[in-house]
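Take a look at the structure set out below.
Note that the chains take the letters A, B, C and D in the order they are written out, and that residue 1 is the start of every chain.
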Amino acid sequence: MSSVIEQLTESFRRFPGIGPRQAKRFVYYLLRSHNGDLEALARQILDLKKSVNQCLECRRFSPKESGQTLCRICRDPNRDHSLLMLVEKDIDLENVERSGTFGGYYFVLGGLIPVLDKNPEQSVHARELLDLIKKRLASGLQEIIVGVSANLEGDNTIEFIKNLLASSFQLSENELKISALGRGLSTGTELEYSDPDTLKNALKHRE
Amino acid sequence: MSSVIEQLTESFRRFPGIGPRQAKRFVYYLLRSHNGDLEALARQILDLKKSVNQCLECRRFSPKESGQTLCRICRDPNRDHSLLMLVEKDIDLENVERSGTFGGYYFVLGGLIPVLDKNPEQSVHARELLDLIKKRLASGLQEIIVGVSANLEGDNTIEFIKNLLASSFQLSENELKISALGRGLSTGTELEYSDPDTLKNALKHRE
Amino acid sequence: MSSVIEQLTESFRRFPGIGPRQAKRFVYYLLRSHNGDLEALARQILDLKKSVNQCLECRRFSPKESGQTLCRICRDPNRDHSLLMLVEKDIDLENVERSGTFGGYYFVLGGLIPVLDKNPEQSVHARELLDLIKKRLASGLQEIIVGVSANLEGDNTIEFIKNLLASSFQLSENELKISALGRGLSTGTELEYSDPDTLKNALKHRE
Amino acid sequence: MSSVIEQLTESFRRFPGIGPRQAKRFVYYLLRSHNGDLEALARQILDLKKSVNQCLECRRFSPKESGQTLCRICRDPNRDHSLLMLVEKDIDLENVERSGTFGGYYFVLGGLIPVLDKNPEQSVHARELLDLIKKRLASGLQEIIVGVSANLEGDNTIEFIKNLLASSFQLSENELKISALGRGLSTGTELEYSDPDTLKNALKHRE
């Protein structure tokens, strides 16, 4: 049987962006830490989910508030009911929210859909998404913005979502619009290195 | 007096992106080259401007063609006369042209305008630009697209060009529109790392 | 009071090489993990020190073996009793051991001594080191190799160790030699970029 | 036929470390330069070899001095006649000389020998090397130091030189020693990341 050092190294290796060398450094860091710090860390890990609520509507994680099953954003009646933005992950939602540029509601997909994904419904939690849309349509939803990164998986995800909604709801473009984030020059992008797709969109969206 | 090795190292140091170490490597590379190659290189440098024409209209450089003062693009009557794109440098123009996304005419500014630039007219060759616009207005010009990189100098340049044209021509928006390339998500941009300005524009240009 | 998300993010920030962004990614990674995985991780962290033994002689960490206070290396009577190598940390020891180039015993200092360190004895666990040396001298120790990295802190540590041993033991060079790892060209080092110190040693150790 | 722009871009592409994009940037940089600067650059390139002497002994390049066929180092009678260091290129020689750690004479090989090189004699200018060694043996040469980088080509070159000298001169180790630069920890090398070969040599050369 493998040792606890090896088991813990293996656990840390599964952390995002961590290789075997750094995983081992983490273990030695903990071996040199005070017992109290180790106990606190273990306690935080055990308490994490208990103290955190996954919002029943947008599926994002936030500190649990007693008696609440929805997060602050989904509970807020003063946001724009006509807009719902789908994002890949919590950190994307936080970045958009921090930018102060969007006033509608969100849904965290939990992932993008790789090309040839065999189970795309599950990758983006399609059932929960459809449930939420049904509910939001009743309170004024007019547009779904697929807010995903500008790459192959993002494009594939946009395509899937459009098809999913078309087959799930018989709604005209007037009743429910589905849009993707606009493409163009990002801050810092240099013209010399821009790809044709970015240039085409930058021209199309000129103003 | 400094040696030719030092003088040539100093010349190469002024090349874009070259530090003292690489400049010296260039000199040793040449020292190990055949005499014929050195003579060919010197000849190419001396012939460069003689064999290259700077287009009288767009100011870009291209191989001299006998009897021609304009480049192939500026001579081409089949391009879109209603559009003129201003770019910073030749390589930007080449990248846009290669992308096949723009069918109008160009003008190479020769630089962007740093904030607090004391001589902005000269940085972007304002006189030649105004001359060209006057001429193009006579043949159907309706929109000027300022096609510069999405950064501080780019924004400053757009601002300067707008003011320059407003004070030089008394034309309504209907007669001559001035636009900038659209901002949004570039190919590969991740939502997690997008700045508020990019997000704001990506939302505005959603489609 | 801060939320568990914030507390755990803060804990991960103290891991070696981890910034605030990655610390937060770790927390979201755990939020998406199964409860069983979180419990296993917390358990491993709590069990880590219990299941790991810090060797009473070399001070390195290794899986606890019942009834043993010394690690496999320190217990092994067939290693070279005349040699003791001092290394900064467990991972250094593992790398040397894996290289198969050293057959003596080790001592893990636990750190190097920064210039102007106020408490150098503590940084390198001087008391435990002196105890071990005393014991090893009785069983044939003839040479102590200070096996630290080739940088300022490493040099400072070598100096400190030499002075410490000189003042602690009245032994001639014949009785106890103190050496440092040899300097020279590392694998992959290019002559063009070598510093004078490396060149001087590479010349001195030519063979 | 290709244009001068293309020809000059192609010439710059052959410069060490320069790709097609930067080569083109160089050409545009020259197009924007003053005629006088272009003429000066072409002149420096043409004058380079005329004003530079390749030393008849060590083969390094240095500014021509009237009436001299040897460089300052090879002419200097006060250096250590017993030592000759073979280096790959001029910049290596300059780095060793600047370090002030070597007082003997040099020979610039002009390259290293890749494994499976079909023409190793030519890669290192074997004939000129043997001529020089013959001459230096007459004035006290006792040791040849092969001062090449610590990599596969360097090792292959050391092997080739040893065989070449063994087959060319019937000299005992007492009469002519052949050595390579010592291996060990370079300045900045960390023990954690050192390869077995570096560790083995660092142990061997401990002091």
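Rule of thumb we're sticking to: a contact is a pair of C-beta atoms (placed from the backbone, for glycine too) under 8 Å apart; a residue touches a chain by one contact, two chains touch by 3 or more.
Remember, it's a predicted structure, so these values are computed and weren't measured experimentally.
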* Asked: What is the chain whose Cα centroid lies farthest from the Cα centroid of chain D?
  -> A
* In whole angstrom, how far does the Cα centroid of chain A sit from the Cα centroid of chain C? -> 41
* Whole-Å separation of chain centres (CA-atom averages), chain B against chain C -> 56
* Asked: Touching two or more other chains, which residues of chain A qualify?
  -> 89, 91
Contact graph of the chains (line, ring, star, complete, other): ring
* **Listing of all chain pairs that touch each other, if any do** => A-B, A-C, B-D, C-D
* Structure fact -> chain B residues touching chain A in their complex are 87-89, 91-92, 95-96, 98-102, 145, 147-151, 179-207
* Structure fact -> chain D contacts chain B in the complex at 3-5, 7-8, 11, 15-17, 22, 24-32, 35, 37-49, 51-52, 54, 61-63, 89-91, 110
